[in-house]
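So, here come the structures, one by one.
In what comes next, subunit A is part of two complexes: it sits with subunit B in the first one and with subunit C in the second one.
For the complex of A and B:
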């Protein structure tokens, strides 16, 4: 049997996926906790454990993400954008536009029918729209990041965030708490501000349906709802929105290895 | 006659009480989240220090981002006007003011004692004191010590990201690479100086340049900003006070003009209400 692994080492989470020719065998995710190298190693061990494999049995390892350089094992590295595109094409082949919301990234990627990158816009200047602000505000409000989505859905009157800066959003949230604003309204307002920013990024590309969302942001139903409202498209979610990058890393690594074999045998 | 200027900033509340003879005294306290109630308390402390009663103050001008929350102020004026007045009084030769606050930064062009033009950034944390605050917190250091430490670097690490959130991530990566703390700090101060320089350049920088706000207290930032400018800058002994000082000068101008016109300055009928919120503050009674 031939086994493949993909690693997506982000700024907040390390994701690993183990695949064979029939599909996904196991996946695992863990927090970086300030050590990219260790997190990358650990998450791979965990994923391998889940399907009862040893790292020696892996034939191909693909890596991507901000911390891909910290992956010790020999791996084929590719950019996050191309891996996200390949990954979402594998999970949802009808998708033509992908919105990826990571801890640091908010990207809109347009795909060809074959899952190649046709165009993309990224938030390279300003972090607003990416997920990191959710972490900050969750801390200020004393709630769990994972509860924010459900909580915000109860809001009828989202608070307006005016600065449009992830850092100043924290100050604004503190001021709103002092003014006794409801927590769900603050969170919903934050989702709205993020959706607005992502929407303005997406405007630079002509959005084609189907549109999908991946990354940690896709796990937040409140943010996804606001995003649907802002963009005006139905948004599709893959079953594993956190693993599209890692899956793409496997697929891209495979392509490269097969291409090399083809060239050598000729 | 006595006049008061209050500058309610995002981080600090500053009060200057002055006599028409020109003598003044000042007080600086952290603003906190509830400045509406807190400003009364700071005012009470300032009056205690000045050995004056509230009724003895003839005119009060409030400025700063929390100026609308000073119920006892007779007039509210913009920070730009007050900063300009305060700095121009201290340095009559000033042409450009660079103010680096906790939550915003501004450049003010001064001509003949008046504001000629200005630029301001309060929409993005990059280029403000908040940038360094985030970094100090990340590195587990005090805001007051990072500037000095940055000066010890011989080889600043280039920080390429403007955005505070991205730069924070970049610092984590550089730490993982094993870069020295002082080199990272120097790189961060350089990046901040570059950002401020490019913003103020929009109004054209002319000498003398006076640096105010909390940023002026950071020796590293001052050095890297001077490197960028290519000449040295002036900074007041207490760079946080210029806004409140300018507000007190404006209060004096308004009141004296009213007196010269034969009318006593119109005063609001407000009094100080005792604060019950910040009881941990030292009592002044």
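For the complex of A and C:
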């Protein structure tokens, strides 16, 4: 049997996926905790354990993400944008636009029918469109970031965040607390502001249906709902929205390895 | 993992490009020498040959703060100047060239106008006047006004009409603009005569103009040769070669140098030698480069075989003036006005065809995309420069719709390296390669010839 592994080492989380020719065998995710190399190694061991495999049995390892350089060789490294495109194409082949909301950036990727990158815009300068602002505001509100999605769905009256900037968002959140605004309304307001920001990036490349969302942001139903409202499209969520990058890393590594073999045999 | 150490500066591919930095140093040295010898000195904006040639014909030595900004950025010495201007209240969103210059001017003033010892390239000496120009942007008006107050020197501003694409074709519009510019230039000559206490050297001006046109003709021919596949020169060559044709085109040494550039590029074309050994993708770059990290372009050439075949329209010479337009003109000021106006409006027919405004920064790229067989555009929006940024999205959309040519947007700054993330830029570039592949297929399907 031939086995493949993909690693997506992001700024907050390391994700691993093990696959064979029939599909996905196991996933695993763990926090980076300040050590990319160790997190990458451990998340891989955990994923292998889940399907009872040893690292020696892996034929190809693909890596992507901010911390891909920390993945031990021999791993085929690839850019996150292409890996996200390949990963979502594998999971939901009908998708033509992908919105990936990570901790450090938000990306809107337009895909070809073969899962290649037809166009892409990235918001990496402003934290307002990325997951990191959620962490900041969760701290201010004294809540867990994973509870924000459900909380926001309970809001009927999202507060307005006037500035599309994460630094001001923090100050605004503090002011709203002082005004006794409900926590769920503050969270929903934040999601709305993020959705405007991401929506404005998405407009730059003219969204085509179907549209999917992945990354940590996709695990937040409050944000996804606001985003659907803002861009006026239904958003499809893959079953494991955090793993599209790791899956793409496997697929791109396989592409590269096959290409190299082809070149060698010619 | 063994990471290859990245180079910040570019190795450049042409021998002449490697030598071109000499002209930047020459300008600085000449102004310092002029001060020592009691000759007049000015700081001038890039003004597309409108006033600089006139000032030089009157014996003024010029230095260009925009060029100095690029020089400081390329040698990574701009940061202290940027910080110093910001500490004086200028916001970090102000033009990087302006901040570098204002920070430098403040240091100069605080040092009693003795050039501070650590100044990049030996530094710019205190000018006798400032030559500003209204072309292109708002920052340029205020920047030199503030500078004039720092140094207590007169500021002369040359207005430069920039016509909309529809207005350009209105009857009489162009001629009215030219007359206005000629009047502006006459007033400038009077200002210089009063300031310097000497008369204009009209013969000297004509001689200089003659040299300028010859230098520019060679530069234009070099641009045309870059249409060849593989391209004999790339953006990093151009950004060095532009110093003589943008700032010193009326200098005999620059003319002789450009003959060598022409010969070197021609040799490569004749022998089918590409600037990069494995040209796979041909790209254009708009508009102002990250001077602090030009090694980035060497990196993408090496990784992906990307040759940047055209870039930074605003720094290029325009196509030569038509003989018809030059015929019968005896006033050198009119010739100058016509030529500078032509620089900003030569692409008016393309702007009309694509219904795009403004003409500058947009229409030329829509013309060149076919001529240079371009696979993709790299846009470099600058937080600190509106003119070179606000048109980018429009051009991006048109390129995609009309020519199926995609664009890559990488944010940064000309001088301020704090806002340029090289790793992220390289990652975006890696993904952009397959975007270019895909659009190549699309162009083929649509019958577009490249």
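Just so it is clear, the second predicted complex is superposed on the first by the 266 of 266 C-alpha atoms of A that agree within 3 Å, B and C clash if a C-alpha of one lies under 4 Å from a C-alpha of the other, contacts with A are read in each partner's own complex, and residues count from 1 in each chain.
The rule is simple: contacts are C-beta pairs under 8 Å (C-beta built on N, C-alpha and C of every residue); 3 or more make two chains touch, one makes a residue touch a chain.
Values in this document were obtained by computation on a predicted structure and should not be read as measured data.
Q: Here subunit A is shared; do subunit B and subunit C fit on it together or clash?
A: Here the two partners, once superposed via subunit A, clash with each other.
Q: Applying the touch criterion given at the start, work out whether A:145 contacts subunit B, subunit C, both or neither, answering first, second, both or neither.
A: neither
Q: Could you say whether A:168 touches subunit B, subunit C, both of them, or neither, answering first, second, both or neither?
A: Touch partner of A:168: subunit B, not subunit C.
Q: Counting residues of subunit A touched by each partner, does subunit B or subunit C come out ahead?
A: Between subunit B and subunit C, the winner on subunit A residue contacts is B.
Q: Look at A:132 in the shared chain and tell me whether it touches subunit B only, subunit C only, both, or neither; answer first, second, both or neither.
A: first
Q: Just subunit B (first), just subunit C (second), both, or neither: which does A:181 touch?
A: Neither partner.
Q: So in the superposed three-chain picture, is A:207 touching just subunit B, just subunit C, both, or none of them (first/second/both/neither)?
A: In the superposed model, A:207 contacts neither subunit B nor subunit C.
Q: Using the superposition on chain A described above, determine whether A:237 touches subunit B (first), subunit C (second), both, or neither.
A: A:237 sits against neither subunit B nor subunit C.
Q: Touch test for A:121: subunit B only (first), subunit C only (second), both, or neither?
A: The second partner, subunit C, only.
Q: Once the structures are lined up on chain A, find the stretch of subunit C hitting subunit B; candidates are 19-27, 91-99 or 379-387.
A: The overlap with subunit B comes from subunit C residues 91-99.
Q: What is the shared patch of subunit A, the residues that subunit B and subunit C both contact?
A: 70, 125
Q: For subunit A, which residues are in contact with subunit B within the complex?
A: 11, 34-37, 66-67, 70, 104, 125-127, 130, 132-133, 163-168, 171, 174-175, 177-178
Q: What residues on subunit A touch subunit C, complex-wise?
A: On the subunit A side, the touching residues are 69-70, 73, 78-82, 85, 112, 116-122, 124-125, 204.
Q: Considering only the defined contacts, which subunit B positions touch subunit A in the complex?
A: Residues 10, 33-34, 103, 122-125, 130-131, 134, 162-166, 169, 172-173, 176.
Q: Write out the stretch or stretches of subunit C touching subunit A in their complex.
A: For subunit C paired with subunit A, touching residues are 1, 3, 393, 400, 406, 409, 411, 419, 421, 424, 427-428, 430-432, 434-435, 437-439.
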